[in-house]
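In what comes next, chain A is part of two complexes: it sits with chain B in the first one and with chain C in the second one.
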Partner chain A sequence: MTSATLSLRPASRVRLPIFGGLALAVFLAGFLLPGYLEGGYLQSMLNNGFITGILALCVAFVMHQCGLVLFGIATYYGIAAYVCAILVNSFGFSAPSAAALALLAALVSAFLIGAIVIRVKPLAFMMICLSLAELMRHLVALPSLRGMTGGSDGLVFMPEGRILGIDAMDMLDSARVWPLIWSATWVVAGIFLVVALSHFGVRLRAIKENEERMRFSGFDTYWPRVLAFAGVGLAAGVAGVLQALASGFASPEMFSIITSTNALLAAITGGVSSVVGPVLGGVIYTWAISEFGAMGYSQLFTGISVILVILFIPRGVLHPLRLLLRKGGRA
Partner chain B sequence: MIPTLILNALAVSSLYIMMASGLALIFGLRRVMNFGHGAIYMVGAYLGYTIASGMNFWAALILVPLIMSVFGVLLELLVLRPLERRQQIEVALITFGIGIVIAQIVIRIYGGTPLSVSAPPLLASSVKIFGADYPVYRLFITVIGLCSVVALAVWLNATRTGMFVRAVSHAPDVSSMMGINADRLSLLISTLSTAFAGLAGVLVGPYLSIDPGMDVAMIITCMIVVVIGGTGSIWGAIFAALIFGFVQTFGTVYLHEISVLLPYLMLIGILVWRPQGLNFGGGAE
Partner chain C sequence: MIRVENLTVAYGAFKALTDISVDLGQRGQVHSIIGPNGAGKSTFMDAIVGKRRPSAGRIFYKDRDISRETIQWRRKNGMARSFQKTSIFPGLTIFEQLDLVATHLDEPDLDAIIDTMDLREVLHVEATRAAYGVQRRVDVALGLIGRPDILLLDEPGAGLSAEETVHLFRHLRNLAAERNIAAVVVEHDVEAVFALSDLVTVLDLGRHLATGTPAEIRANPQVVAAYLGTAA
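Now for the complex of A and B:
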């Protein structure tokens, strides 16, 4: 069973208080981080890394629970960012209401798209998701929408109001926005973990294992997956809104294949069955890409990473270690 | 106006047909979607540019498909064959990574600015068709496209090898039990597929432009075409390529800039109607 980490085994029930305490300590300690980093390059990289981490969590969730490769997560990420920016710029919305509507837009679009793409075969699913991200990239860059979307230059916006006690203008400061990104990552990871452990998660994995058998056993196999897809779209929307607020900017590049590829890479490298791995993967890839990007090799790096990761560690870096531990535990 | 548009659509479709039929053939045999196909087309176009400016266009037209067929051999021997036992999505992602690497290398060599190739003197003129001047070069693309479809049809339906290809696409296990060597066929198909991609690359030079984003644009087009046609269905892909070319050409004229969205809307529309794609004429799945 590949879902070992996400199913409650007797052993982990004993370890739960220890893990819970540890997680709480890490969570609280995270808020102290800006004090040590004092803003600057490392902090903004960490912010971007966690946002990519949220996207990677989404990809990992769909991969692990539904067995589908979500190669177009950038769609919902970008939609949320643009809706947020457009509502602020063109319609004078305040930051919290724009953010809320942006999340709603991501949810609704993912629901509608999910209702169509869930029915197709896995390979076609992957290709369609990728094409839809391209559709959005073209859409926001249309010259006739330039007044609203800023065309191919992207859209700069200045939100007003407070979100969860942080002034929207302060969010452009990488240290001030950190608590929001940090807690959002925890919330998304926590919800994914709870869903994975719930009856709904079991049902999703059962559909993944054998859709036909589930259908014959009288279970609906369509709507659970559409709902999961919509939920993942919403989570990607969270990442999009965070990115938009933290940079005050939405650009067509948010929809690019490279955004989706990096999220996918982070998810696979970190291991799709875990919630910590994809986030760590997001941080590491963001760091590596900014290092290689400085030399002009960021896309080359992405390409080579895709080949190496799929070739050598298709189940994530932790997988061999986990196998070893499990064998050790049994002996 | 309309006849000109139809001819334009046929010329664009010819390019898409050359690309998509190659993808569908590999998919039929190996169940692998080659996401690096766009990058191979890009290499073909840039090599075409180099050879056309160094020697002449006709040399490029002959040499590039030959050089690109070597890519096909490499693809088969280094990627498809060793990864035969891996999941199809994993192999697709690896070809995607290879595509990115190839495209980046091309951009490193040639730089990021768009290049253009001039049509050879013989084809640079235009002819009167239905009272309008029409560039001979576009007719030439259409003729090559049509010839390749006819050749493909004859090859698949009238020769022994073609029959084997159809057999393996239809039932891989049974045909290997009957003694058909799928590996050798796959080598042939990969070679053909990349050679066609190279040919499309050379042909596109004088027609459209050669730029660093051409690989992504083409692979997205190919994916839409292949999904609409029904994954792995060769005739479905050819038919879908034809529709795609027409929708794009007419859309550009009548709907202006909205036309870039049309292919995607068409994709969504067709999938709502038929999740399996059009898929007629005997597909692989």
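Now for the complex of A and C:
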């Protein structure tokens, strides 16, 4: 969705019910997917693709609305996963309570970190975010914290209770957890879309466009970006909780630069100016890594693919499709 | 409306403005600030709107010392500015940006501003795609939102032809009269300034040289020597 679409011109308003109906049909059809995939490898890959897609949505939102490259989304993803796992293992929390508190932890940490990093210049912002994720990776792997975090081996946990009607233990089954991942992706994407279309979203983009003019128009330019950053941290926390519940595991690698890079590249692959693009990018990127890995050339082919995407479709794989649809609409 | 007392603004050892005292901003009037390059006009404007903190001296607005007030406070209390280089939101449509600021500043009649600045036909155009003259009008329109008491314009004619500058000044004069606001304008085009200003202040090398009506300024020997030369 380009910024032009976000402005909701009259023509867009006409198309809104059509896209709304189409989106509802796709949403409902998504629940039938496990019946066709029959669990196993494809379903598992799709689950990972959508979780990466949620992280890519976070990165895309910050890029599109705030003009910043968030190269450290793994921090909030990992914090939520670890808090969830620790609360279950060390304090006996049920899955829903642990998940809720994990999301709160992701939100609060993103708010506090955002309050500091949002003031700095874009390059410093990127490097501080990346450094924080690396710092967290080392922190949870510390031998002195092994009893709580599992050290460098990570933390296996067995949650109890039900989340949205799904038994926590069943979530280890890739087909059973799919409805939760599918719904969560739609909720996160929907919220990002609504925020982007809202007055608050326009305000964020205006700050990105011309912060000085915003201040001279009487706006506070600091807190809106901190709030946006906190919201993005919460969304990344959703991905972290889903990953932890779907695998029964939280590992230091969740904080790694690879997690942040994957989210960033997935966002670039899909395109950052829509909510569909990053999710699609997450799925494509996860599939590509998996396929290229099976050939034994994961990093080589992934690198080549990313370069090709950036060179030939810099606005993401969804952009050519959108142009085709627009042409079709005119004809 | 604005009283500047002994204003000094320094960048390190260099004094951009030295001990300036002047009254600005009569409702319904256009008050222009002129002077050669490096006279300190833009720094003077920046100090008034809060972008530069005074090194010494004070700025009063409606008899309140605002020297330490934030930019946002000044805007919300009726002090608006436009910029030397067009300062709008290029990626937003013209309506999006006007609506955003109007909502924030509780502007009761955005329609009137849109019509006054002749922007109705281009409302859904992304600002970056609009003609330069339109962008300048959007810049001024953003300043008009929220019924400001004083509008400070930094070289509103920059990049416009002489004819367009005179047209813009006429527009400003009408606006000042219709909306009963004070317009303070920094401008290079001396002919436009003398033709359409009520009062003129001249700065030279960071110092206040003179303030008066256009006729008084034209006749001031100090101003003629320092700035106008034989051109006046």
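To be clear about the criterion, the second predicted complex is superposed on the first by the 293 of 331 C-alpha atoms of A that agree within 3 Å, B and C clash if a C-alpha of one lies under 4 Å from a C-alpha of the other, contacts with A are read in each partner's own complex, and residues count from 1 in each chain.
Throughout what follows, a contact is a pair of C-beta atoms (placed from the backbone, for glycine too) under 8 Å apart; a residue touches a chain by one contact, two chains touch by 3 or more.
All values reported here derive from a predicted model rather than from experimental measurement.
Enquirer: Does chain B (first) or chain C (second) touch A:Glu209, or do both, or does neither?
Expert: second
Enquirer: Please work out whether A:Gly190 is in contact with chain B alone, chain C alone, both, or neither, and reply first, second, both or neither.
Expert: After superposing on A, A:Gly190 lies clear of both chain B and chain C.
Enquirer: Which partner, chain B or chain C, touches the larger number of chain A residues?
Expert: B
Enquirer: May I ask you to decide whether A:Gly21 touches chain B, chain C, both, or neither, giving the answer as first, second, both or neither?
Expert: After superposing on A, A:Gly21 lies clear of both chain B and chain C.
Enquirer: When the two structures are overlaid on chain A, which partner does A:Thr302 contact: first (chain B), second (chain C), both, or neither?
Expert: Only chain B; A:Thr302 stays clear of chain C.
Enquirer: For chain A, give the residues common to its interface with chain B and its interface with chain C.
Expert: none
Enquirer: Per the contact definition, I'd like the list of chain B residues that touch chain A in the complex.
Expert: 33, 86, 88-90, 92-94, 96-101, 103-105, 216, 220, 223-224, 226-227, 231, 257-258, 260-261, 264, 267-268, 271-272, 275-277, 285
Enquirer: Would you mind writing out the residues of chain C in touch with chain A in their complex?
Expert: Result: residues 49, 71-72, 75-76, 80-81, 83, 87-93, 95-97, 100-101, 103-105, 124, 126, 142, 145-146 of chain C touch chain A.
Enquirer: Can you check the complex and tell me which residues of chain A touch chain B?
Expert: My answer: residues 69, 116-117, 119-124, 126-128, 130-132, 134-135, 138-139, 142-144, 257, 261, 264, 297, 299-300, 302-307, 310-311, 314.
Enquirer: In the complex of these two chains, what residues of chain A are touching chain C?
Expert: Going by the criterion above, the answer is residues 3-4, 7, 9-10, 199, 202-203, 205-206, 208-210, 212-213, 215-220.
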